Amino acid sequence: MDDITIQIARDENIGGKILIEGLPGVGQVGKLVAEHMIDELGAEKIAEITSIYFPPQVTINEEGITELAKNEIYRYETDGRAFLFLVGDFQSNSSEGHYLLSDAYLQLAQELGVQRVYTLGGYGVGHLVEDIRVLGAVNHPDLREEVEAQGVLFTRDEPGSGIIGASGLLLGLGSGYGIEGICLMGETSGYIVDPKSAHAVLQVLSRLIGLVVDETKLEERASEMEALFDKIRDMEEKRSQEELSYIG
Amino acid sequence: MDDITIQIARDENIGGKILIEGLPGVGQVGKLVAEHMIDELGAEKIAEITSIYFPPQVTINEEGITELAKNEIYRYETDGRAFLFLVGDFQSNSSEGHYLLSDAYLQLAQELGVQRVYTLGGYGVGHLVEDIRVLGAVNHPDLREEVEAQGVLFTRDEPGSGIIGASGLLLGLGSGYGIEGICLMGETSGYIVDPKSAHAVLQVLSRLIGLVVDETKLEERASEMEALFDKIRDMEEKRSQEELSYIG
Amino acid sequence: MDDITIQIARDENIGGKILIEGLPGVGQVGKLVAEHMIDELGAEKIAEITSIYFPPQVTINEEGITELAKNEIYRYETDGRAFLFLVGDFQSNSSEGHYLLSDAYLQLAQELGVQRVYTLGGYGVGHLVEDIRVLGAVNHPDLREEVEAQGVLFTRDEPGSGIIGASGLLLGLGSGYGIEGICLMGETSGYIVDPKSAHAVLQVLSRLIGLVVDETKLEERASEMEALFDKIRDMEEKRSQEELSYIG
Amino acid sequence: MDDITIQIARDENIGGKILIEGLPGVGQVGKLVAEHMIDELGAEKIAEITSIYFPPQVTINEEGITELAKNEIYRYETDGRAFLFLVGDFQSNSSEGHYLLSDAYLQLAQELGVQRVYTLGGYGVGHLVEDIRVLGAVNHPDLREEVEAQGVLFTRDEPGSGIIGASGLLLGLGSGYGIEGICLMGETSGYIVDPKSAHAVLQVLSRLIGLVVDETKLEERASEMEALFDKIRDMEEKRSQEELSYIG
């Protein structure tokens, strides 16, 4: 088996110039935005990524069918413009895996014709935020003006000095692939799945990509996601417990 | 040396269409059922699996002979039908190893002609259970009806949202090999080697595979296994202690 | 992607016989000395090293541009003598990675014509030091006399019994490349970025390589570095927090 | 660089039929016995093993020269019989590394003509022992009688159910190389470098290999080794401290 496996629908219409990443992270802001967009737009799944760098377990869906830990790519086309979405429940569980997975995402993106990636995340500030700012980072100086024009802040001291995981590495490694990278981070407490921060990020993203998405269900989705995370935390505890049962 | 080594008896009669997995896990339910079946039926060992993903140690058998950490495959044939059993004392000690070992088991299963794998385990509920339910998961929708017909429950919220280790991955990765996968999980407190939960799982499995196994010694085996685990926990503590002695 | 990637300016004048290493370590002594020299001398960057053994994150520079975690090599030439500097913010985050990165640095050094490497570091004593001693170690007996002549101490019991990370491995692995190795360690409390210890090490190094560097800004640089480290510690805490957000 | 590197004196007389392993472990019993024998017999070093699975650091010898973490093989010949000794300060720092290093030792042993390996260790009982027993394990049933004849005990319940690290794996993996393996374990509290346990093991080993070694300096060597370990523990603490200084 390969360390990373990509199963992709081999079809005529799977390409796209814009990739939007929303994997798990602080406040699940990126995940919430990307999955909300997929649902609202009715994007279609075109690829699945499984990997030995994901947790060694299967999930069980509502029909009782097991599914390997996986991330997914969806596609939505409108007026001749195609958008791809990278979403899922997992990031790597090792440092090396983070690099190798992000590189695999970029290779796939390149094959699909992606020219720009937007990575979405939360910027945890540790307290409730009234007026949520959206912070930005880019992987090429030419991109900054366009992003700032939509109200995104580039501050000297925030976010700390780095972006962790796929949201950062897709920009950092993306340069080597000639793919433009823009990271949008909504302020969030970091303690809950945060629909308000997601709202702020979605507003900015919508203007940047010229695509309007209904936001009325965002709050509802955040509640569902919170419930899901409770279950997942439960599973994680079970995993710790179970690993004690593996002799040796 | 290979990362995973399979030593197999190259013989005419080593194949089988059904593989039953009972590796260590919560309540040792799967291990207890599978090893009980092997003993009662007089199944014969046909393969041994050793791996750098197992703990770096040898066990000493009753004759004072060292044995590498290993898992084993046994075979039992009756009326022209052959059953294979995957048992042993170990699962991987790394996340990546879980995937690679499960994949190696499946490759071997495919070579042996396996068309369906039953993975057996416990579902830890954290308290004593009076009426033990057997929960199920399958890797293809077509399999569910057959399993439900034997009283196995497919509930929306249990087991949490996942199955960890080989019991899960053999189903998840099995799809890619075209191997049907059914996981049976007996409710158990999770604190002891649980013969009652094993009894419940064995009942269901017997009906599913059409093979009756005497159960009178199940309780006795559970006691022996509990004693073995005490020794193993002792060894684990020794390992922690010993590793402190490795300079550097 | 390669496990370690070296991007190097392919130019006529990139070689040098002397390599000075100042990666992060106790009291940031080596880092402070090497970066101070680069700034004062106006050395030019000739290579960048990125790796899956570095933390999986990007930093954001003052212009809002993301940068992969990387180490760098600078070059300064004067009177026909060329000096190379290996600096950066990272060492490996795994034991194996330490070896593989140090070996990659040495391969590159060999290609660049390096005949001798000076590795710089702090020797943490756990308390404030009045008269800072500079301790030494070499990878060949012939080197000792030259180093002792500049006041460097070779004591039987210090530094403990070893040198950890690149500062040690560049000497240990360097022998195999036929590269002379000298390690200079300034005593330091270990609690702060220590300009006084850096001063002591720089004094010795200047005499050894016959290159005078203005030291007036050393204290100032230490303060800046201390502020940077505060930010980095902040980021590290954020990383721990964020990893809790990666499901699975 | 290779994951494991063996530098061996290519000479006519480097072979030997007996290999004696004394790497670090509980009570440093095996290390003490093997290093004592090397010193008393005046055995000569014929090989050095370095590896990325050892700690990423160099030690500094009495002359101030750095040395990579390494294990060593010594050789002693008398009356046409040659004995090899595997000693050093390190075992692997990863589970996989334990397997890969032990396998590399065995490959080398096979090249050198080794037919039998004695692995030496302590069996920690957690309290002071008056009459020290020597416990045994072998990798082939035929070996047991010869070992029992020298007073070595094969008990059903000790040592726990396993032998950890090289002492165990050289036996377990040795079978595949056709190399006979005998493990001798002296009872020890596990809290100190234990010359009394080493004495008991050495007595048995001497009779088994037919080689008398003066024991008067065994106690003295234990004291020196204890002092060395104090230094090493100190270094380990320093390593933890230093790693906090590696940004990222």
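To keep things simple, chains are lettered A, B, C and D as they appear, and every chain counts its residues starting from 1.
Keep in mind that, in the parts below, a residue touches a chain if its C-beta (ideal position, glycine included) is under 8 Å from a C-beta of that chain, and two chains touch if they have at least 3 such contacts.
All of these numbers come straight from a predicted model, not from anything done at the bench.
The chains in contact with chain C and with chain D alike: there are none. Under half of the residue numbers at the chain B-chain D interface are used by both copies of the sequence. Summarising the inter-chain layout, the chain whose CA centre lies farthest from the centre of chain B is C. One finds 36 Å separating the Cα centroids of chain B and chain D.
Centre to centre, using the average C-alpha position, chain B and chain C are separated by 51 Å. Residues of chain C in contact with at least two other chains: 55, 57, 69, 93, 232.
All chain pairs that count as touching, in label order, are A-B, A-C, B-D, C-D.
Contacts from chain B toward chain D in the complex involve residues 1, 3, 52-53, 55-60, 62-69, 93-94, 228, 231-232, 234-235, 238-239, 241-243, 245-248. Within the complex, the chain A residues that touch chain C are 23-28, 54-55, 57, 69, 89-93, 95-96, 98-100, 102-103, 124, 136-141, 144, 154, 156-157, 159-165, 168-169, 171-173, 181, 183, 190, 229, 232, 236.
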